[in-house]
């Protein structure tokens, strides 16, 4: 796989068969893509509307991107953005919280771990729907698939919250049974986790969360398996999670109220890709100087958003119309592009 | 009836010098020895009228928890309902508090060891009635309710399932040793370590859930005597062994003064 | 005594077709019209034996809150003590819950308008006694307690100080209009907007603190009748106007079955 | 005042008269310096111990710095660091928390502001004791006084928490009466705020905080004056607060449990001064290139810590032994210094 063959773009109706393949391949409860043609079509249509919408911030938009290997002319992954967690309603999480209870007389001071039901992440922009074909999981393709979203958000910041979050799958066995759910959610619902998940489907979990206890959960009172599951990642989530961690997302504060998986969050401006991003202009008089390094590069279009991996001089402020970055993104003289180094802290300049 | 015959030769009196020695080894309705040395309040001793030997005791406290706060869990209910899911579940909740502060208490209900259960119940009934008479005579000094704590159940190894399922997670030390060292204040110290927000009973072990609010062996005779005198559960349980707190509503002061 | 003379010509019966019309304009012990159309449970109508005209009513519900959750505040106490500062303060707390779910309720205690207070009390006493007889006859169908909600006080402008000091901060709409629209379910909807964690009474306005747990004018006759029948405060108050919830502990089922 | 005359250094016993002057001049409740000679002497001695201590992180250390105007040979301000908030005990704050309560039937969705008693900041390193003479409040002196602490923490990071917090005075009137205290603390203590403050004095507030309610406070239930006071700054705190805000401290999350003043916090690594800090070496072969810009510069000593303001070439990696930075910090060939631009985002290169 040649990094130069990878292109990330908004999903199109023609991608429906590819999404069906992805929805079938992605494990239960891991992908947020429904394994159902009609629902997938609806997801694509909602995404088309979101990209096309002139309205800046209704908050209900969900954007879906696909990653294409141009050499094979095949979609090999997808990723998404939900503009506002909870769609103007509450978005529930458990916040890890530590309190110290002490008795001088008994000579005891205990640091107690509690889970605190909160709406802290309501309205945050959510990164969703990450899936990449196993054959592409090594190398830079997942970086492009995950991080191009951040540059999209940066470019169209008025459509998004400046704080970004992403849910990650928690521990569950082959049948989808989750030890965290068994110890917490199940006490309030007479059903299995997969059943509860199916009930909520793609919709807001708030109406279910309303049924959860509103006082803190003392972790010490949970069975050991549930205690261990708090903040634990399902193995299938490791790749997208590690990319977000390297970006600077915080994984220690919030967990999913259903399966206890870590929900990461960060301010957009503190994310590595955004901090190192800079704008270039296509300029015929440009002088390319400096060592070439791999970059994520995106154009400044919304509907025709494109993201690629490309080698650029590190300190470049311009690119020539004939340069690879301009030609592959289809940019003409005077157009802008936003770029960020693929491995900003790396000395291996050509890691892909 | 032996018990009722016995009562003819009984009297209720205050504490006397010799009682401390004669009453060593007695166990009260909460499963621990009566606090003969330090407890506040007034002692009522049921004694053999002839010999003066103590047969049963109780301690009447005008207002509890005014020196050291007294803690208990209030047992409440919360309904979690979602019509669209057909869900309607009632959960039992526990909330740590000092709800009985300022109420009156009957503590240290104990009998001389070895008495038949019927006799114990009869003796304790006699003491409870004596206590109610004291209260009626000096109503303004007492609270709105008279409460009695009762021991929770123990399992075959002598452990309290409620403690194993709840308190032990917050105090890993020896409960009996702490009780022996601090007396009643031990549960105040314990409370500083316990959860301060509403707990859901369903998060505790099955054994702890079952034990919550049940009267253990140590409290059975007292429970029978209390029930006979009109006491019933106050919807509170003890913070350590989950034994129930029973209460009797005392007559309103205004009625008495009329 | 007029009231007692009247009683000779009274009977207690179930609801009849004509009652709805005759009872329009009646107000129950919580200050709102009896829920003649929709309320669950059994109606007890005190009627003139001769004419059959209704004079007072009550509605007996076997188990409350089983369709729509019923909310109330539990009134508790928390002691804040620091020996080194010489501080020992008892705070009154309010905790939202469904503590009475599954208990029995006597609702819609109302009299025909214009009756003297004494007569009202006598009529309502008669109905309460009738309700207690029904319960005794079919004890297993009822809960452990029989509860009655009573209206909280209103100020000279007809506002409930407890509502002004608490509920209004969480629902700015018209309380009376919502009550009229949703009936009893209104307070379930309100509860979704109210604080779910322990509240300290001292954070409310003085007027709200004073009103909490007091019986308002609309509930006075019922309160007298209930007190006469042995009811007393359950340490709970209504979520909107802070009126008290009174309770009577029903005899244990086991005793009855014996 | 010439910026070149300013020197920040650890407090010495000889500074006692100057500290007495400062303690008397600083308003009630604002400075954490006690207006009492014996206590001030004890504070100085604790600071001497802290700087001298070889023990890395007992957590009880409090470091005190003084700012000297060498031209007048006078101490004109002070600032401090407490290594660990709460000294291994709990450090209480109120966290601002927002929950949404909604009723579909009533058509109401309310966003409720609550205050949540928490121990989140326990163990954080605290910036304390900021005071500068009014004549020096304009210009770069307060920057040196406040921010030199951050470079000290960066240099001796093993002695400090990587998260830094600072309390800021809340609203209070001339008599020290605080509307927030009146509405909250006073209900649990039968005393005035100044009285309660005097009782706690320099010691841990935990034993007092134990008396506060452990359930959230619903802000809507507080009197309006108290609602307004939440997160409000006392005017005398504006200068040090604004410096910390520019550094990137977050002021929206925590407030003081007593007076409701904002308690700011941030990770050390995200602070502006630390992000832009770099290490220079004194080197006789150095070549000074680039535009000069004002920098904070500190030496790498602990006991003999010194911080100054100095003009340096922006991209310099070395300074000459004869350069001003080296001579004023008394550095010889081979020694290191840590510098950070005074106005990193500024184009006015010589703002002082």
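Just so it is clear, A, B, C and D label the chains in written order, and each chain counts residues from 1 on its own.
By our rule, a contact is a pair of C-beta atoms (placed from the backbone, for glycine too) under 8 Å apart; a residue touches a chain by one contact, two chains touch by 3 or more.
None of the values given here were measured: they were computed from a predicted structure.
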Selected pair, out of C-D, B-D or A-C, that shares over half of its residue contact pairs with A-B: C-D
Counting C-beta pairs in contact, which comes out ahead: B-D or A-B? A-B
Where the centres are mean C-alpha positions, what is the separation of chain C from chain D, in Å? 56
Mind checking the centre-to-centre distance between chain B and chain D? Centres are C-alpha means, answer in whole Å. 53
Counting in whole Å, what is the centre-to-centre distance of chain B and chain C, each centre being its mean C-alpha position? 31
Residue list for chain B, restricted to those that touch at least two other chains: 78, 81, 197-198
Using the touch definition from the top, which residues of chain A touch two or more other chains? 102, 214-215
For a test of understanding, state which residues of chain B touch chain C in their complex under the given definition. 65-66, 69, 74, 76-79, 81, 88, 90, 93, 95, 97-102, 197-198, 232, 235, 249
Can you tell me which positions in chain C touch chain A when the two form their complex? 196-197
Report the residues of chain B in contact with chain A in the complex, numbered from low to high. 78, 80-82, 84-85, 87, 89, 91, 166, 169-173, 178, 182, 185, 189-190, 192-195, 197-200, 202-204
List the residues on chain D that touch chain B in their complex, please. 214-215
Mind listing the chain D positions that touch chain C in their complex? 101-103, 105-106, 108, 110, 112, 114, 183, 187-190, 199, 207-208, 210-211, 213-218, 220-222
